[in-house]
Structures are given as C-alpha cells and as structure tokens.
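Structure first, commentary second.
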Amino acid sequence: MEIVRREEIMRILDDYDEKDITIGTIGSHSALQILHGARQEGFRTLVICLKGVEELYERFGVADDILTVNDYREMISDGFQEMLRSRNVILIPHGSFVEYLSAEGIASMRTPIFGNRKVLEWESDRRKQREWLAAAGIKMPMSFERGDEIDRLVIVKLHGAKGGSSYFIASSPEELKQKLRDIDNAYEIQEYIIGTRFYPHYFHSFVRNRTELLGIDIRYESNIDGLARITPFMTEKIEPSFVVTGNIPVVARESLLLKILHVGDGVVSASRSLFSGGIVGPFCVELVCTDTLELFAFEISARIVAGTNLYINGSPYSQILFNESMSTGRRIAIEIKEAIRMDMLHQIVY
Amino acid sequence: MEIVRREEIMRILDDYDEKDITIGTIGSHSALQILHGARQEGFRTLVICLKGVEELYERFGVADDILTVNDYREMISDGFQEMLRSRNVILIPHGSFVEYLSAEGIASMRTPIFGNRKVLEWESDRRKQREWLAAAGIKMPMSFERGDEIDRLVIVKLHGAKGGSSYFIASSPEELKQKLRDIDNAYEIQEYIIGTRFYPHYFHSFVRNRTELLGIDIRYESNIDGLARITPFMTEKIEPSFVVTGNIPVVARESLLLKILHVGDGVVSASRSLFSGGIVGPFCVELVCTDTLELFAFEISARIVAGTNLYINGSPYSQILFNESMSTGRRIAIEIKEAIRMDMLHQIVY
Amino acid sequence: MEIVRREEIMRILDDYDEKDITIGTIGSHSALQILHGARQEGFRTLVICLKGVEELYERFGVADDILTVNDYREMISDGFQEMLRSRNVILIPHGSFVEYLSAEGIASMRTPIFGNRKVLEWESDRRKQREWLAAAGIKMPMSFERGDEIDRLVIVKLHGAKGGSSYFIASSPEELKQKLRDIDNAYEIQEYIIGTRFYPHYFHSFVRNRTELLGIDIRYESNIDGLARITPFMTEKIEPSFVVTGNIPVVARESLLLKILHVGDGVVSASRSLFSGGIVGPFCVELVCTDTLELFAFEISARIVAGTNLYINGSPYSQILFNESMSTGRRIAIEIKEAIRMDMLHQIVY
C-alpha cells in the first residue's frame, strides 16, 4: 500500500466544503461518544460498521449515515475513499483503527484524518513507545532483555498478539522460563510496578495551544479483576489474564494532577521532536502510582481511549474546564469547529 | 390471598383521573430515585415507609405524601388499598417489594402496578429464572445436581434465604460436602464463572417499542470486597460472604454493548412467550464476562435494580439516548406520561 | 504562636465588605473544586500555592488571584494575613491545612476561616477522634492497648506520621511484635474490621439547619489496591501500604442511607457538646460496612475530604437535593452566600 503524502491530504481538504463537514469513524471502541459529541456540535455524522454491528448505532441514534462493510479493509478501496471525500468526511481514529486497518492501511488512506496519522505508527510499536516516553523524560518500568536476569515481579507482553489476553506475569526466572517454553512470538519483559493504576485522558488542543486533562479511568480487566477477588478463597490456582472489558471512574489526589499534566506535556513536546507535527488531539499514558507517589508509565495510547466512554456526560475535570457535559468526543468536535472558524483546519488534519 | 384478575385492575384504572396520577412506592431500595424522577416529570409522589424510615424521604424532600406503617403487610389491607386508589396511585415495584410483601401479597393487591406483576413470580423462583434465560438463548453457568459431581469452582445459593449472606463458594467435592453438612435449606450449586461482572440496567419501553440500556454497575459486596483486598496478607482465613452493600459505576467496552443489548432483547422476547404481556419497564441481567469476551448470565432482576442509584444524575448511556440527566426512575415516569398521552396506560400497568 | 480569640475574628469580619468577599484556599487537596464552586456562585477566588504549583490552578482557570509562597508557613506572617484581610478573604480549610500549617498555626491565623477552626484540633488527635465518635454513639473498631492482647486482625497506625504510608496490618501477637521492633513512634492498635468501605461526604448547614449527604467514595490506595490484585499470583510476599492516591465513586444501598445520615447527625450533635459552636460545613466519617450491614467508624475528617473531587459535576445524592451539578465546593459557597444574605456570616466563620 502506498503512503499518502501530506500535501495530497491538504489538497483534498482544499476541496472540502468547510460548512458541510461530516465527522466519521469506525463503529467500535468509542464511536458512540465521537458521533454523539459531533452531533452536539452540529456536525453531520457517519459510521462505518461491520455488517450486523450497525444495529448498535441505530439504537443509540447517533449517526446520520451508517455504512456497512463485510471487512473493514473495504474502507481502504479507492471507491470507498472517494465516497467518503464526496461527503466531506473527516475520520476520527480510535483504538480499533490500527487493529482493523493496520498502520500501513491507515497511512494509505486518501481521506482526511483528525490528528497526526504518524502517531499511529509510533503507538503500534512497543520499542517506539519506549523511545517516545524516554524522550519525554517519563519514568518507566525496567525492561529486561533476558528472562534469567529478572529479580522481581515481571509482566511479559507478547508481540503481535491482541491486548491483555497475551500478557502474563512471573515472579522468578524459573517460573518465567517455564511459561515461555511454548511461546514463539517475540516478547517484552517488563518490571511489574505495584501500585494504583491511573489512565488519564489528555487532549492536546492545537487551536488553543494547551494540553487538557479530561478524565481518568481504571481499566476493568478479565479475568484478573474477577480472579483476584476470589483466588484467596480457592484451593486450585488459575493463571490471570488482562483483557480490557470495561472501565471504572477514578480521580487522582490533587497533588498528583500537576505531575499527571506534566506527563502529558512531555509526551506532546517529545512528539514534536520525534515526528513532524507532533501529536494533536486525545491521547492517554497508562500510569501506575507507587506508595511513594511516583508515577511510572507503561504504555502510550496516541488517540482517544475507551476509558473516555465513562464521561460522555462529563467528568469532574472537564466540568472545571468547560462547565458543561464535555466528553472527549465532543472535545474533538469543538477542536474541529474552532479550527474551521480560525482557518486552522489544515493544521489538525493529516 | 386472592390473586387479582387483570380485568379488575383495568376497571380500577378506568376510574383513575389520568390528569392527576400519583407515583407511589415503598420507602427502600431505589425509592429516592423513583420519587425524584416522578417529580421531575410533574407527578405527585407518595412513599410508604416503615415507621422511622420516613425521615430519609423527608430529608431528601422527594415525596408529597409519606405514609408510615408498622409492617409492610398493612399495605395489602383493603383499607390501605382503597386509600391508594383514591389518590390515583400507580405503584412502582422494586427489589424490596417481593421481600416485604411476598409474590402472593403483590399478586393480591388491588392497586395498579407499573409493569407486569407476573414477572415478580418468575423472578423470585430460581428454577423459573433459568427457564427464562434458557428460553432467551442466553449462556448460563452450569448447574450441578449433586455436590460430588463438581469439578470446578462453584457457588452455592441457599433457597429461602436473603441474598448474598447465604452464598458460599467451594472448589472441591470434599470442601462442598463439609460446608453443606449443617445446611437444611434447599440449595442450588452453580459453576462460578471467573471474569468481570457487569449489571446492565435495561428499560423495555412498551410505548416506544424498544429496549434501552440506561447504565451498568458492579455490585459492591460485603465482606468479599473488603476481605479479598486483605486476605493475601492475613495468616488466618475467613469465609467470604456476598451481601450487596452498594454499587460502583462501570462502562463496558463498546464491542460488548450490542451483545449486552441482545441479552436484554432475548429476555424481553422470551418473556412474551412465557407469560402474557411479557416484561415492561426496567430490568437487569447479572452478567459475568470471561477473558474470551463471552457473557454468562447468572440471574435476572425483573424490575428496577439498586445499581441504577448511581445514575440519578444521568449515565454515559442515558446521556446518548436522552441528552439530559435521565435516571431509571425518571425514565419510568416518562413511560407513564407518554402512555397517558397516547392512551396506552392500560398496557403498561398490571 | 498565639491563639486568636473568636471576638477578634468577629471584629475583622465586621470590617469586611460582604458584597466583595473573596474565597481563598491553599492550592492542594480539593482547591480546584472549592475555587470552581466559589466562582459558580459569583465569588472572587484566590489560591495560595507553593512556587511551581500555581501552574495547576492557572491551567484549570479557577482562580482570580494566585499567590505563591516558598513555604506555607509564610501564610501565617502578619503581612500575609493583612493582605488576605485587605481582600476580604474567607479561607476554606481542607485536608492539607493541618499538614502544612499545623493545628496551632491555623489557630493563630488572623483571617476568617469558614467553619469552626476548633474542629481541626479535634481531628488531628486520634484520641480526641475516638472521644468524639464515642460521644456520638457510633460503633468503632476495638482499640488494643497492648500488642500481646490482640486476638484478631489489626491495623497499626503510627502517630506523627503521614497517612497510610505508616499503617500496617498484623494477624497475630508474634507478627505484631516483630513489625513493631524498630518503631519508635507512638502508635494505635485498632481492630481491622472486614467489609466494604464507605466515605460519606456530609455537609452540615448552619443556615438551613440540616445535615446533608452530598456523595460517597471509596479511597484508592497504593500499594494495597494494586498489590491485593496481584499478590495471589506471586510467589514472593510484599507488605501492603495504604497511601491514598485517588478516589472511586460508590453509592450505598438505600436501606443504609438513614444509618449513614444518623452517623453524621451524631457527629454534629456531639461536636456541640464537645466544643463551642460545634462543627459547621463539610466533614466525613470513614466507615466500614460488615456483612450484617453494621457500620463501624474508624476516623473523622472534620473538613472537606478529597473524595468529593469525584463529584465536581454533581453526585447522585446532590442531584436529589439540588437538581443541579452541586459539588461540595459549590455547596460551601452557597452556605456563605446564604449566610451573607441572612446576616448570619458571623455564625459560620471562625
């Protein structure tokens, strides 16, 4: 697949009718919120769904147009892209984009995408994520090259596998060796930092030139969050897994908030030196807070995260900033609206 | 006690002044929300409280009339019922109704009740619950007939006992045998499925002919939710119990939402074939989500659940559907209001 | 430091321009909410920050004036106090006041403080807390005088140390003896009651003469809340710690609410007999609920608690009482506003 040059996207955008923009996304992850927020700000909305899934968006009544596909890869075809452009669609990427379209698929799309599409490449590569966090000056868990080096609890993350279903923990080299016996994938061995987890929802506004904190969540993972509750009373032992199934709201103590904002600031400024344009719009840095109140980052999500779904009717933090029910989806729509008004749309779309 | 025929309730309703309906309920469980929501929609409100408990409803200022009783059974008397009817009361049942009045007591009441009073009979019988869920095509944990058959973690639920205080878990036939030694009650042995728990709040609207998702919670249970947190650091071992003491908000990942809605749809359509009229209004199906993202149902609550108390100021899902602070209590009031306007009140009251 | 007499504060208040009051606080703990709430009610706002921390309050845009200090003790100087008085500042105390200024420092301040400044002395002394709770008729965990008396799980709280970092648990006299070996501080040995934790946010309004429930949270503590989730799968054992890092929202079952309100009522009425004026404004009683639905109190916070930060956009309970987004910060501002209007300011400021 051919990578689309930025200039071409800019030319496409030149032809868009900025008074008739449609906000579009893939029907999954945080689409309800993205579409609902776009509607609140007066945009037309469009969602692309796998056949059968459109029912969800019909029932919540958030989309003006629903397009169904048998395979998300159909979205990448010239005809589909042409159709999206004819409707002045700006696509809002979320966590399912890379999963369904691949980083290369996204890079090849001839439709304007909100935010810097280069971030998706950085996000989908664990090594690049570490490079990014290091450049941002953010503390990270230790990474172990070899299993026999481990001297503490570790979590092993297999590459090329989906999310938490392929994570496992080990507390000794022997345990690790045994668990890796049948593994063919490449993997990363990361120190497991013990503490409270915080997943802050940042929004870097190019238009307002500031990084905002819109909410924080805790991931609710299966089986671990059910298993840990019951294991102490079981005689058998079951291995934990870490598949995200939902999110629980949380606020951080106020004295942590500036540290959390600085983590976001670091990610934004590092992004500018790592890739042209830097990060624009929503992102998340997965944090753990130790009992000495130090924050460690173990991942970046360089687009809207699903934890924002908790705050479709506003969060404590977005309430302070906006004094109304401000979801991250709605915040994206406001950024686009303000960019149009200030003739800055070309700077927030890639 | 004599079961009231539906025709009689319909005749009573014929005599009601539909422009002067009072929404009434028992002072417990989710009454604050039911009364608050009714007020928001312009209804008069009435609450029936055990002596002493009226203070709660006075302090929150949600009731136009507060009636106190020494025993909830007084509600079933002819005089009390007559008095309710004279005020055009429609009762909203919740989780304490069956507990305080018994299924037969409710069936004998000569006051209109919102929703199908037949569901309370189905809800209060574990075997009927399983029949209902099976008819709905919903996956359930295995049920074991005999204790010596168990080959996995199980939860044992004693019949005729209240909620989670009489639940216990066992991981082997020996452990189970020992724990059942002094038990006289009948009991059910259910596979304990390990995963994340989701308690979705459905609302089946007869007027709008649709099933809505208004929120999701996690039950906060004593002692288990305190015990599991501390047991790993204790030398003694204490048996867990599962008494619901509160609720914690949660959202499910968006790709689970359609599955969750289909669980609700299944319950609604099965209800129509199992008992005339089917289910109307709020209900909940208690779900657990495994790390392969399969949902298992272990219970039905065929009326408003207490977890909805989290969302008196709206939930992420109700925000998308209604764009204002929509509690389940308020949703009930809207259903009644719309039914009155469309001359459908006789179809949502039993 | 000299303790300021109440009459002097009253004279200072006489000189204040009640049409131009500024709400001020220290930049930490729950200041965002206090300032945001004050603004919502039309007050000017001022925050006093350690150098560097002002950035947080700038970025959330909640303060009309930001004063920076190198050490919070600067606040106690005559010049600083004079400057606060010249701006008609009423200070709102929160959890960081005693920590940063000491109880004596606060008692010496010649600036009007919202609420009874005597409560801070009662709050900062564990023995006085127990006396207060006992006078309120509230059940408490057992307190053990000597380590060799313990016959159950206990939590040991070191005096003179900050919060949960110095708490530890023990299940036997031997374990306790070993853990106390290197401890020089005084300490309290408290029975560890197992159950679900509830931290209710009360507000005692002097103006409206009532005690309100504005929200409930669960503290999110490091390392325990991360450690307990993973310990069952570890081979090594790590000691838990209990440092509050954030808060998670919760509601209590409705049948507990009146008990919870009565706990608050008990605290209010006991306060009146223990110190002149009694408690005014927000407070919290840290509760644990057993599986027999009994509530035990293990602490009092006699001012706004950080858990209220969850409800800057309103809680289920504040929604019922006020029908709008009512944070505890905003509730404080309303109390001051109503007191001004009714000429009662002298009774809620100390």
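Order of writing sets the labels: A, B and C. Residues in every chain begin at 1.
Throughout what follows, a contact is a pair of C-beta atoms (placed from the backbone, for glycine too) under 8 Å apart; a residue touches a chain by one contact, two chains touch by 3 or more.
Quantities reported herein were computed from a predicted structural model and do not represent experimental measurements.
**Q** Should the pattern of chain-chain touching be classed as line, ring, star, complete or other?
**A** complete
**Q** Residue numbers at the subunit A-subunit C interface: does the shared fraction exceed half, giving same, or fall under half, giving different?
**A** Copies use mostly different positions to touch.
**Q** For subunit A versus subunit C, what separation do you get between their C-alpha means, in angstrom?
**A** Subunit A and subunit C have C-alpha centres separated by 36 Å.
**Q** Using the touch definition from the top, which residues of subunit C touch two or more other chains?
**A** Correct list: 225, 227-228, 232, 248-249, 313, 325.
**Q** Across the complex, what residues on subunit A touch subunit B?
**A** 28-33, 36, 40, 53, 55-56, 59-62, 96, 164-165, 220-223, 225-230, 232-236, 238, 241, 243-249, 306, 309-313, 325
**Q** Within their complex, state which residues of subunit C touch subunit B.
**A** Against subunit B, subunit C makes touches at 153, 169, 171-172, 175, 192, 194-198, 210, 212, 216, 218, 224-225, 227-228, 231-232, 237, 239-240, 248-258, 261, 288-293, 313-321, 323, 325.
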